[in-house]
Amino acid sequence: MKASLLVIHGPNLNLLGSREPEIYGTSTLPLINEQISKRASQLGLDVHCVQTNHEGKIVDLLQKAEHDCKAVILNPAAYTHTSIAIRDAIAAISIPVIEIHLSQISKREPFRHTSLTAPVCTGMISGFGAHGYLLAVEAAALLIK
Amino acid sequence: MKASLLVIHGPNLNLLGSREPEIYGTSTLPLINEQISKRASQLGLDVHCVQTNHEGKIVDLLQKAEHDCKAVILNPAAYTHTSIAIRDAIAAISIPVIEIHLSQISKREPFRHTSLTAPVCTGMISGFGAHGYLLAVEAAALLIK
Amino acid sequence: MKASLLVIHGPNLNLLGSREPEIYGTSTLPLINEQISKRASQLGLDVHCVQTNHEGKIVDLLQKAEHDCKAVILNPAAYTHTSIAIRDAIAAISIPVIEIHLSQISKREPFRHTSLTAPVCTGMISGFGAHGYLLAVEAAALLIK
Amino acid sequence: MKASLLVIHGPNLNLLGSREPEIYGTSTLPLINEQISKRASQLGLDVHCVQTNHEGKIVDLLQKAEHDCKAVILNPAAYTHTSIAIRDAIAAISIPVIEIHLSQISKREPFRHTSLTAPVCTGMISGFGAHGYLLAVEAAALLIK
Amino acid sequence: MKASLLVIHGPNLNLLGSREPEIYGTSTLPLINEQISKRASQLGLDVHCVQTNHEGKIVDLLQKAEHDCKAVILNPAAYTHTSIAIRDAIAAISIPVIEIHLSQISKREPFRHTSLTAPVCTGMISGFGAHGYLLAVEAAALLIK
Amino acid sequence: MKASLLVIHGPNLNLLGSREPEIYGTSTLPLINEQISKRASQLGLDVHCVQTNHEGKIVDLLQKAEHDCKAVILNPAAYTHTSIAIRDAIAAISIPVIEIHLSQISKREPFRHTSLTAPVCTGMISGFGAHGYLLAVEAAALLIK
Amino acid sequence: MKASLLVIHGPNLNLLGSREPEIYGTSTLPLINEQISKRASQLGLDVHCVQTNHEGKIVDLLQKAEHDCKAVILNPAAYTHTSIAIRDAIAAISIPVIEIHLSQISKREPFRHTSLTAPVCTGMISGFGAHGYLLAVEAAALLIK
Amino acid sequence: MKASLLVIHGPNLNLLGSREPEIYGTSTLPLINEQISKRASQLGLDVHCVQTNHEGKIVDLLQKAEHDCKAVILNPAAYTHTSIAIRDAIAAISIPVIEIHLSQISKREPFRHTSLTAPVCTGMISGFGAHGYLLAVEAAALLIK
Amino acid sequence: MKASLLVIHGPNLNLLGSREPEIYGTSTLPLINEQISKRASQLGLDVHCVQTNHEGKIVDLLQKAEHDCKAVILNPAAYTHTSIAIRDAIAAISIPVIEIHLSQISKREPFRHTSLTAPVCTGMISGFGAHGYLLAVEAAALLIK
Amino acid sequence: MKASLLVIHGPNLNLLGSREPEIYGTSTLPLINEQISKRASQLGLDVHCVQTNHEGKIVDLLQKAEHDCKAVILNPAAYTHTSIAIRDAIAAISIPVIEIHLSQISKREPFRHTSLTAPVCTGMISGFGAHGYLLAVEAAALLIK
Amino acid sequence: MKASLLVIHGPNLNLLGSREPEIYGTSTLPLINEQISKRASQLGLDVHCVQTNHEGKIVDLLQKAEHDCKAVILNPAAYTHTSIAIRDAIAAISIPVIEIHLSQISKREPFRHTSLTAPVCTGMISGFGAHGYLLAVEAAALLIK
Amino acid sequence: MKASLLVIHGPNLNLLGSREPEIYGTSTLPLINEQISKRASQLGLDVHCVQTNHEGKIVDLLQKAEHDCKAVILNPAAYTHTSIAIRDAIAAISIPVIEIHLSQISKREPFRHTSLTAPVCTGMISGFGAHGYLLAVEAAALLIK
């Protein structure tokens, strides 16, 4: 059976917990993925979580998700602001994609204020730290129904 | 007893349901407020909902909320992009403020792409239509705890 | 019986006649309103004229006009360039709104060159001083028919 | 006896009726000119209407108008946004020039939002389709008096 | 007898003492108003102090001040950077208006670096905290003479 | 019988062969026109070639082409970057217009990087020197079919 | 024997036929590649077609092409606007590279209006849909000779 | 015998003496041309003076000048800031072109601060009123030698 | 005994009284210095006044002031907008520096709207003409205490 | 007897002849000064030539020139683009100042395209190399008369 | 034993020696790596050199370096100007990273003037060609101590 | 005997050790100069170190260095971002100039992100604190050879 929900963690998110904890919190990625799985299963959803530092890999994953999943939760991290390729992939697939950020990106450097991906995502959740993923799972459950 | 959660609907949101439904959906504000109250009470929260077209009134409400509430859910609508006064009020109070938008503002006109309020809010939820308010109630419940 | 035509004069227009007469002319607002009423009644139209310095009040008036009037003549004055809230109110109502300016705003400071409201108004008349209101009444009569 | 009012239709306006009718309406230029003449003669004005696709020709016409006419109604069309030469000609002559546009130019592409000619025209009328010319004739009659 | 000097405190200044004290200092507004009154009376001036969060209210106050006062001290706070309506009111009245800021606004976020009101005020005093009001009272005394 | 294909060479292209040959090559315009005719006739197309330095003339030619031709190949040269009038003419006619440039315009001065005409043309071919005209003839043949 | 012509399809072009067909047409990539091969072989050229979503892979391919091919046809898709690495690779190799786009990129979002790769390509063909590849093959044949 | 020096007066310069004399002085064009001829003949030069309001005409004149003249004095007036076509014509011919302006263009509106033609002219003289033409004749004499 | 207060007048301020008196007033620098000394001595302060046209000299003076003075009053004049060196000197010393301008710089040319020095000064006083220096002396007295 | 004409050569002009001769020519400064003196004396003018690398020194010289000279010829070189202090000095004195550049500054780097001094100079001559100084002397002679 | 110093060469640097030698010099990458190793071993450092064209690969390498190395020398090449992902990786690791460029990037195209990585690197060395790597090794030795 | 290496320290660098030590370190300038001399003499170089706050003085020094030195190490400090005069002096002399900064200027305020001098220097070293000077001496030794 295939996963019904794909969670993609973008570049450097594998460092969560050690990288600038005053911005990103102290939870590690395995811990966050565990919480995501728990909440998803409460809502009757399978979930598959991936982390990659490669822009092209995220494009590959999004393209494949159209056939394998019902929704995607995507934290594009640094690629939020630079990747038209990821934007095009989101626009090209027909399932909902939810953009998530741990921090409020508008609080940070100016080059992080513009999201190239937001205009083609269904919705965005930002600033709630690791809790944001759980809200995103819930949003995904609503959108899949 | 005072409300523990304040929901502020900014300018023109009283027209929900009739105004540009292809962007804002067909739910009316009273219906949305009802759903908010229901979800809030499930999570053990009192809620008070207000709508106003006046920037200064939103500033007044935010200032008073600090004493009367534990969190604010704010849809600043048009004032998102023009009001430094609301931004300053959010920054001046110590309770969490969650910014919410029905649509993905980055999909719309360029002058709606910048949020003056986002950098001082705890978190932001956008693009999920009226459902977004329910996610915001849930986020508020997490933050209050 | 309700007024069929609403004329809204924005901030500082109550000072007409005394304020920078080299730009705005020497006619006072009561005199202008009188001329508007006369021309309107010649064209078979009721008219109601209001002046306010409050952005939120203009939003309130526009929202109510949808039910009470057939057209609006609006001089947004300073709010022309800063109010997305008024723009949204104009876009949200289905009756025609005619934007009017006494002076040619493009002759003045750069921050007055952009009109946030013009793109959602039916038409614009500017530069003809107080006479512009009479042209606007005539335009309104055409649009109502 | 010379014409007291000159109407100049800029580039591509000869295509009115067939060109993008959802923007410019279905009236043809000869029909519009006929309506202009009728309204002008009601107000005791001679009128002469010209159409040209040539920027330099519009400059020539404006220069000559100073001697032959009492006012000009000018729809500079595409040259609104690019012609300093036409702007200079308007500024150089002492009779009033009224700028007119069929559509609200601020609703269209960004490069149509700036009018180089507006700051040197007496007034502007836009967004009322072919009716705008009749309002302009009326405005001209007021200015000539 | 009418007040000869009007002091207008803009949005969020009622929170002085509690709001971001590292920027705005620890003096409360009632204390500051008391000091203003004392210095004003030493210089033979009546003073009236008002605080409001409403842009339109500041416009109303400025318009009325022309008849009731000899000078205005204005801290437009957030509206410094967004209100053309207040700018127009200042330009429309003939008494001197002194702009004051507690902090050096050029030390803060870029959107606070431009003052829309400064070009129409007589003078500006900024960066001296609550003491700045006393310097402004003195300046007003000089200008009234 | 009328020409089925119109080729318009914009300003200064009559100087080809002598003007900056390191950018534009050493072929003269008569030679290029001859090659165009040959290739067109191989593809069963009549062709008519015109060169003009006048913006208004290009507008006239485009307007007339709608009735006389099935497609246009246009090298707007300098007017590529400045002529909204030509852009409007292209948009106003219903036959395909192919934009061609001898050089890669993005290799040159910044003011040559934006093409006002490209967004309303069917396609663009650039950088292949005089050969580009032959590719354009072929493209036109495809579009006419 | 090595391929004499390399065709590189950039990110998301593997979705052709299903992705936004109103922009990109209904031809699938295998069909297009077949047509390219056919035309190439008519012109006496071997051809090798590759699709990848990875920026670094396109750089690798271009570097290798210098030794294995006589020309490259490149549709950089999303990377057109963001990849200096691909630009540098094109500039670093000595064989001609032809840039191709299915749509007119200047008709789309502003961030697609600038091509980082165009200034270092020999020529560009855009807006002719899948036919553009055949024109590019022809152009390549001319350049190789 | 052909003129050795061509003087081209751009759009609206035929109005000299009557048009905004506080900027352009009170000398008329025939008077200025007479002075130019006198000075030229003192320096052993034939001179031919032309005025036109047509951009394309200036391009035509410059192209012909290459064969008929030894130098050109050009006052492009409004076309200074908008005409790439004239710029290209100047760059395409091999004789020196001297740009002249009656006023200091940098003292005027911002859109007059950039000269598209200056970078391809040999030299520029501005701000000396009608006297500037005489300095330009002298400069031309030096360059021809 | 060393001066406790240093007043630095920047470039061209030695011309006060004769230079553009409609902007800078008719007081000469010696007269202003006299008034400064008088007010300073009333407040128990020694004062030393210097004028220089040299940016480097102002840097030298500021560096030395740290050891010799308790506060500086600085009118950087033209260097306000161009000198990072003066800004760095102010930031490098630990005594308060008060910036003063005779006119409201925001009323003047755009290049005078930004102050490079303001963000590192303690406070700013502008627009009160020569009286501003006396307010600055008073402010200095407060800061020294 | 004092010099009636002051020539100020700005920074690095003492290197003329050796510095980037392809831009600035091979004449040395002493040779140029000699030619200036000769032409000036032919026109009945005393001349004094100075070179300095110091911005403040140029301000000092301009201030003094008002009393000692009838006109100034100024080549501000690098300070053309950065010195508001020199601009203010030119504006503050009442004798004519002629700006001169050896090269066409608009042909060079973008930061050399704007002249801060030009808007306050009487006229400008550029692009004629060392000959430009002789034209400037002649212009000065005309202005002094 | 692990390498104490990691040298990462970004995209297209494997072409060194053949690619645009007038910019990058004639040394090949293997030769440069050899020199680096030699100098490093003189300073008692192990060194490992890698080249890759993949942005994601550089992120992977930086993340691993934190555990395996004491310092990184990074030439991000084209990714200097576009990769926030690499910037984030540098910021996320605690060992010093030294940025190096063979050429002075500020001498090249404007899009190469901004370095996204520089603000998070310890230091930068540029413009010394292949020698720069040796200076960087020395700098690394100092930082490791 | 003349110094073979000139080290120029720009404005405010004489304050090193006391000025903002968290940015610039605690070493004083005499100490740094001593270290420079020591390293230089190890490499067989004479060195002369100068500090000045005057832009014009730096220009003078650079001009003289051409005759007296073999290379220059320049820390332009604040003038890095504002002095075209220093840039021109560097470009005018034929010996190598190495730019050095103690801090990473790209980490600081935006107005410090652009270096006017870098494009004409041979190389740049920044971010290594006082150690950077020693790397620069080494680089100079390499360049002189």
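By letter and in written order, the chains are A, B, C, D, E, F, G, H, I, J, K and L; residue numbering begins at 1 in each of them.
Basically, a contact is a pair of C-beta atoms (placed from the backbone, for glycine too) under 8 Å apart; a residue touches a chain by one contact, two chains touch by 3 or more.
Because the structure is predicted, anything quoted here is derived from the model rather than measured.
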> Taking a step as a move to a touching chain, how many steps at least join chain F to chain I?
Replying inline: 3
>> Validating interface symmetry: for the copies chain C and chain D, is the fraction of residue numbers used by both over half? Same or different.
In response: same
> If you average the Cα atoms of chain A and of chain F to get two centres, how far apart are those centres in Å?
Replying inline: 48
>> Need the CA-centroid distance for the pair chain A / chain B, whole Å please.
In response: 24
> Which residues of chain E are in contact with two or more other chains?
Replying inline: 54-57, 82
> What chain pairs are in touch here?
Replying inline: A-B, A-G, A-K, B-C, B-E, C-D, C-E, D-F, D-H, E-I, F-G, F-H, G-K, H-J, I-J, I-L, J-L, K-L
> For chain A, which residues count as touching chain B in their complex?
Replying inline: 104, 106-107, 113-115, 118-119, 121-128, 131-132, 135, 138-139, 142-143
>> Under the definition above, what is the set of chain H residues touching chain D in their complex?
In response: 10-12, 14-15, 18-20, 52-57, 77-79, 81-82, 111-112
>> Taking the touch rule as given, give the residues of chain H at its contact with chain F in the complex, in rising order.
In response: 54-57, 59-60, 63, 82-85, 87-89, 91-92, 116
